[in-house]
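Shared between the two complexes below is subunit A, which pairs with subunit B and subunit C, respectively.
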Partner chain A sequence: MVSCLMKKRTAGKAVFLFVLSVMFFPAFLNTGFSASFSPAAAYAGTDAVSPVAHEETYTHPPAPKLKAQDYPIVMGINSRVFVWMAAQLHLWFAAFVLAVPIFVFIIEAVGMATKDERYDKMAYEFIKVSLTAYSVTALIGGLLAFSLFVFYPDLMRYMTRLFGQTMLLYALLFFAESATLYIYYYGWHAMERGFSKWAHLTIGLLLNAVGTTLMFLANAWVTFMMSPSGVDAGGVFDGNIWHVIHNHLWNPINLHRFVANIAFGGSIVGAYAAYRFLSARSDSDRAHYDWMGYTANLIAISALLPLPFAGYWLTAEIYAYSQQMGITLMGGAFAWLFITQAVIIGALFLSANYYLWCGMERSPGAYRYTKYIKYIAAVIVVCFLVWFTPHTLILKPWELKALGGQYHPFLGPLGIMPAKNTAVNIMLIFTFLSFLLYRRANKIAVVSWAPLGRAAQAAVFAGAILNIVFLGVYYGYFTNTVYKVASSVPQVASTLTVIAACMVIDFFMFKGAKDVGELRWGGIPQRSQYALFLLAVSFTWLMGLMGFIRSSIRQHWHVYSVMRDASVNAYTLTIASAAKTVSAAAIIFMAMVIFIFWLSALSSKKQDKPLPLGSDAKNPKEGGGIR
Partner chain B sequence: MKKPDGANPAKLLWFVVIVFIAYVIFKSPGWFMNKPIPGSLIMMYMFFAVVAALLVMTSTDESTQGLFAPIKALVEDPSKKIIRNAVFVIAPIVGALITYNQIKPGFDAPVELRATHPAPPTIMKAYDKTFNLATLENPFRKLQTENPEKFKEAVKEGGAVYFKNCFFCHGDKLDGKGHFAQGFNPLPLPFQGKDTIAQLQESFVFWRISTGGPGLPKEATPWLSAMPVWHTFLSEDEVWKAILFIYDYTDNAPRSWVSANSKKDG
Partner chain C sequence: MNIFFKVIIFSLLTMGIYTLFATNYIPPMNSAPVPAEETIDLAQMTIQQFIALGDKIFHGKGTCTLCHNPVVKRAPLLDGVAGRIGERLKDTRYKGGAKDLAGYIEESMRKPSAYVVAGYGVTGSNDTVSPMPVISEGAIGLNDVEIKAVIAYLQNLGGAEVTVEIPKGPPMAEGKDSAQAATLPAKTGAEIVKKFGCGLCHKIAGEQGAIGPDLTKIGAKKNADYLRRAVFDPNADIAPGFPPGMMPQDFKDKMTAGELQVIVDYLAKSK
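Moving on, here comes the complex of A and B:
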């Protein structure tokens, strides 16, 4: 009877909270509103400190100590999985809608600078896809907020107390984001020329500034739960909001998410272009979507290049913050999920390269370079194998006996970070080489110093690779952690130097270059488009998997070492369970994205006017039905 | 575009040869040096070797045509009826044999995915004290810079502790091959190499030695480790000195975030 009553009360509370979160979400997040909750209610189940004492003693109460009964059960729903799904879907869509305006702004600016209207048209089409996804993002965001408040009320009350000011700001910025996005999109054609175009571009800049700030605010909440600051060991707030925002992992995750969002956004619009390319009926459409796919892939790869470094920084900071979280992440329970992650990253590199190799089919002069593809592929595959070789192996008993231990004498050294860093840097350099060859496939340099320029590029490549290998081997295996971790910086610098130096040389070397023939946009083989799909699916899956790992290394803590998760779901999932849940979420996301693609394509279709009576229906002047 | 070797049916043969070479390379450490690459890893390696070979060979239209032309001809060409029928019989049989070998029941113990370096707890209890592993440091480590002579002495004492207690399992070369090693599963861990204790902070090693197998966390299943709970046999100082010794002997330095605690050359 009592449990029945409790369930009814919980269901009633759920409905109440849903209405609140949908209608008054910003206000609900406000500190002022949360203050109207009784602190005693917040600390129901706290056995260590009297709730009354909190009100009397503390300006800022400590984190509540919860019991399993403090977590509402609503209709038998698994709260952890529900919140996980909502959070993951929201994150994917949010990443997409925050990233697209960034490169749309850049493409629009390029279009303005070059006065080439094709850029403008493409940028508009990109933002159109993003706009369709925007409402879905907001809806799922509402669902996430609602589910968090329903399933984890005490956690959210504690977080709201700390972050109330930022949550209010978040809500206001969300309105600003919506307003600027709609003006940016709907004003596109109204502000196409002259000063209006500058004004339009400025709105784009504002849109991105607001969007990025929104993400940084949300990152503060997430990273506070991993590396709390501005509170004492009991979770008592020191009263300075900047202290809780500027926690140990805030900046590393800000950078990582910013770069990753662009790569992810690029891959999704690349999939959109592939979808439109494969369904195109005319050569002009095929050419347009081929170009769009190429640009999207370029955006994704450009952001993918620095991404491993941002990820490495984040991981190093997690390790530096907590040995426990660091080992859980890479040496303990999640080590094999990291191997899965490495495999997916390898798939990303292979598909990005494959798209570039196939793209050479557009160029009549590509035959001069296709012979190098197999060597590039060989290097990338060798690096890839090093990249995902695990340190702790899955061994059959006879293998264990033959090896005499868990570590392989030859593969063991490949299982640690210096080998991985070396491999990924070389993989990046050779991916860049694929791009470089693609760029020059249809050009013949006419400057007199072209042989010297090529020699200089070869020297930069060779020097950087030697440097990366030396740094990886010497500092990685013959010095200790401080130098080992630090050596990753010059490794990255070597890779970036190759990219910057070779692009500069290329720019001058191919200035006024002769074309071998006409570039055949639309001439790329259809199979290449599946590489774009694979790129998008891999990014999606990767984000889901890494999101789970990042969040779960807190293990049984809501707020690491401050507020314990006492719910019945506070356990670490098996690798298979985690992979299945992430995969299910990825499938739901991809299905929704396909629907969005279809919607975007639908908006550009037009039904023909009905034929006049007596006209020849079999031979209409304009085709019948929907085009 | 220059006419390349697209229509060349030898492409398919090349593909088979490349895949075969990759397989031989991956198997050779096991065949020639008795240090097999585990089957689970070979499967992953081979998957990506095959995928990469396919990607390279389908990167141009001509090459794709060359690769698939023999297969197309086998399926469509009426003159290849006998070969086609033979392939259609042999291929499923080979597939069935591989599947059978993969799934047939055996007498081997099942493979175990073991977390060799499980995450340490935030705090641990030993010697009637509570240690915070996030801040715990080896009290003798500072001697390395402050008083090298005393440090050497501590290392020597640690060596004595090691050879009286640890070497039976972890070996006189600290390579995990002590006299009793083969009697255990999991095998005692080696300390040699740059991929073992160099990865760990000294507080982690202290936790593992002090609490032994019974102190392993849940994730380190199946909890079969025979490592004794050393805090019941050794003093706190003896454990710290033994740690100094194993790092010193293997020319490793513990994981540290402070430059002052680091020695650049190993």
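Moving on, here comes the complex of A and C:
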């Protein structure tokens, strides 16, 4: 009860603060600088002032040309780092609270379809974790908006002039999001049966629709700064808000963030389950949190598999929008950050696979497949090394002389995209293979055509791998640049074909299959849980790093090629500075997440009743501690 | 050890390894300063200095070597452009109007799709559309002097005679801005009027200028949009009875955004 009140109060404060920050928008909109967004409204306004004004052609003012003095200095705070921290923290929390309702909705629907109440219980626990995070998201969102207006008033004035309508819509949707989330959570048990359950599920759908729309709106602001449209070269608005929203990178970012949020949300919930698993005192709790961790990991990995493709599309569109920006990203100042990205993604794949391999210990029939794990591990490590190999080596003069250039004669070819595309596709296929083996570890197919089905699956795997390698080698090294890049599409298609075809075959092949024995939920070794922590920490850090890259490829522009950043902080940071800032932000985020987990655990904790006199205080009955 | 502390240590260790890798095990990316416009005195410049300026722009602000470089070969190398000019201008795929090497190079920068070298066009365009940005606009935005300097550099690079003439006239505009940037921005309408000399022509803030319109009650007649436009683009609307072209066109460059805001507010409230 106390925790419920605390949550309500925190949420109330968050809403209040957010409303305050939203109230800043009209303050900026009401200046003469801003005027109205619609030419019609502008005419109406000018008519009242001057009888001849209707003869004037209404134009929107261009983006301001700023000087260093236009950026307020408040108490010596580094505005760039402050805004960066607030934005990054807001993004992490927002990604989490937008993602959790998506898979809660799916799990609830699965629970309804299978009539298995365990799903419902788990979905409820997921949404409970995200509820406290929701309040924190709003608080930090308010802080972000506030700091942007304080430190970058002219930029925000320009942005609110363009996006004022969407910002007001954003504020309204935020209230709708809050309302649907609270009804969804607090109405969970009151709408548990019959038609009410359908109504509850519909509210969950509405919650996700509103949440996703919110994200799309915020994405429009961010992507406009990267690939402005709907304005001319001087930043003069053409009067059509859709042109500004629907800029070149809007949809690629929408897709990338949508998928990445699910992967990130899954990993954070997985870490929560892992912590509860390690602290569990009863077998039933261990079994429950093992299952919860497994499901969260499955969600994270299911989203991680298509994520490189979404990222690839985004990068291709960045190149298509501005080759200069694209080259800055992948071949210029930021190229080496992608080696760091490769290391972290390698860690993600290895930890996800390791968790699946450890999970096979739950199955009595897993011994049939464990012998293959070492080969899968070897393939994934080799692919990781290819992905990790840089194109250009930074060498000392004598090394350069010995090597005869910046490229290693054998490893150099592995540094270009065709090799990396090939490696990542094979890595994805073998991760999927781990999952497939995990699924069948405890099952024996009873259909007569099972050997044929297995042979078909093996053929699909082999065919796809051969095709991916052929496309990568032939088109990557023996044809011209156009095909080098274009061949990545059929490579991706091969990977997706393997996943889809094998899942379909598996579904029919294991229909009515016999279990080898009973699954031992909770029987997974403790060390496996650290793979879930590694997953969550790696996702968090990676999001921070990639956020820095996405934002920084604008370089010294607030709005790329339209509005220059004239502040003293407009320079591009060193990799080391960026990494340290990301780590500092990630530590703050993790500390807040731990606090939220603690709150969530506190809400399910009950104080032991005072023991009657004469009872044995050293041996309390089951029920104490965190349950 | 307590589970909580184990998890904390594990998480911090993971982040520490990533940070350590990013800070120590990959080549340090130097902090990139904001590219600045060159402040040069054209009147004193020799052609060799002008070529050197072009070299600097080609490898710096122009970001040309991101693509035109022998390692990545994202775009054709330009050292032999002088030797190829004859066949280029006669090529049936050439859509431009240049007559000589200097014109061709300038056209390539301002209209990159006038001629696209085979194999370097945008995918699917059959080498009719160039992926190269317009160099005089957008994020690169070289000015006329800088473009001429790059032409001189490329002519020289190819061993051709440098036919570009060093432009006459004032130094690059940004030079004045950087000097002005050292002065503090004005904070009130009256300060701005004084700083930018509005009162020399206008009746405003106690000043009695008579060359331009009286602005003491302009806010009663014109709204903020009109006033802003009047400062930004003085010739967009000419007040009856006054000849066009009298008011300086460069206040939009000279004023900070804050000053512009203040003067517009000040004028709008002058009723």
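In the analysis below, the second predicted complex is superposed on the first by the 549 of 627 C-alpha atoms of A that agree within 3 Å, B and C clash if a C-alpha of one lies under 4 Å from a C-alpha of the other, contacts with A are read in each partner's own complex, and residues count from 1 in each chain.
We take it that contacts are C-beta pairs under 8 Å (C-beta built on N, C-alpha and C of every residue); 3 or more make two chains touch, one makes a residue touch a chain.
Not measured: the values here are computed from a predicted model.
Superposition of the two structures on subunit A shows subunit C clashing with subunit B.
When the two complexes are overlaid on their common chain A, residue A:R193 makes contact with neither subunit B nor subunit C.
In the superposition on chain A, contact is made by A:T572 with both subunit B and subunit C. After overlaying the two complexes on the shared chain, residue contacts for A:P364 are found with subunit B alone; subunit C is out of touch.
After overlaying the two complexes on the shared chain, residue contacts for A:S322 are found with subunit B and with subunit C alike. In the superposition on chain A, no contact is made by A:R281 with either subunit B or subunit C. In the overlay built on the shared chain, the residue A:I373 is in contact with subunit B alone; subunit C does not reach it. Of the two partner chains placed by superposition, only subunit C is touched by A:T340; subunit B is not.
Of the two partner chains, subunit C is the only one that A:P62 touches; subunit B does not reach it. In the superposition on chain A, A:F533 makes contact with subunit C only, while subunit B stays out of contact range.
After superposition on chain A, the stretch of subunit C that runs into subunit B among 38-46, 74-82, 218-226 or 236-244 is 74-82.
Overlap of the subunit B and subunit C interfaces on subunit A comprises residues 322-325, 327-328, 331-333, 336, 343, 392, 394, 406, 480-482, 561, 572, 575.
Residue ranges of subunit A in contact with subunit C, taken from their complex: 31-33, 35, 42, 45-46, 49-50, 53, 56, 58-59, 61-62, 64-70, 154, 233, 275, 278-279, 322-325, 327-328, 331-334, 336-337, 339-340, 343-344, 392, 394, 406, 480-482, 485-486, 530, 533-534, 537-538, 541, 545, 555-557, 560-561, 565, 570-580, 582-583, 586-587, 590, 594. Within the complex formed with subunit A, the subunit B residues making contact are 1-2, 4, 29-30, 34-41, 44-45, 48-49, 51-52, 55-56, 58-61, 64, 108-109, 111-122, 133-134, 176-177, 181, 185-187, 189-190, 193-196, 198-199, 201, 203-204, 219, 252-259, 261-266.
Within the complex formed with subunit A, the subunit C residues making contact are 3-4, 6-8, 10-12, 14-16, 18-19, 21-23, 26-35, 63, 66-67, 71-72, 74, 119, 123, 131-133, 137-141, 177, 181, 184-185, 220-229, 232, 237, 252-253, 256-258, 260-261, 264-265, 268. Looking at the complex, you find that subunit A touches subunit B at residues 320, 322-325, 327-328, 331-333, 335-336, 343, 346, 350, 353-354, 357-358, 360-361, 364, 366-367, 370, 373-374, 377-378, 380-381, 384-385, 388-400, 402-413, 415-416, 476-483, 525, 527, 561, 572, 575.
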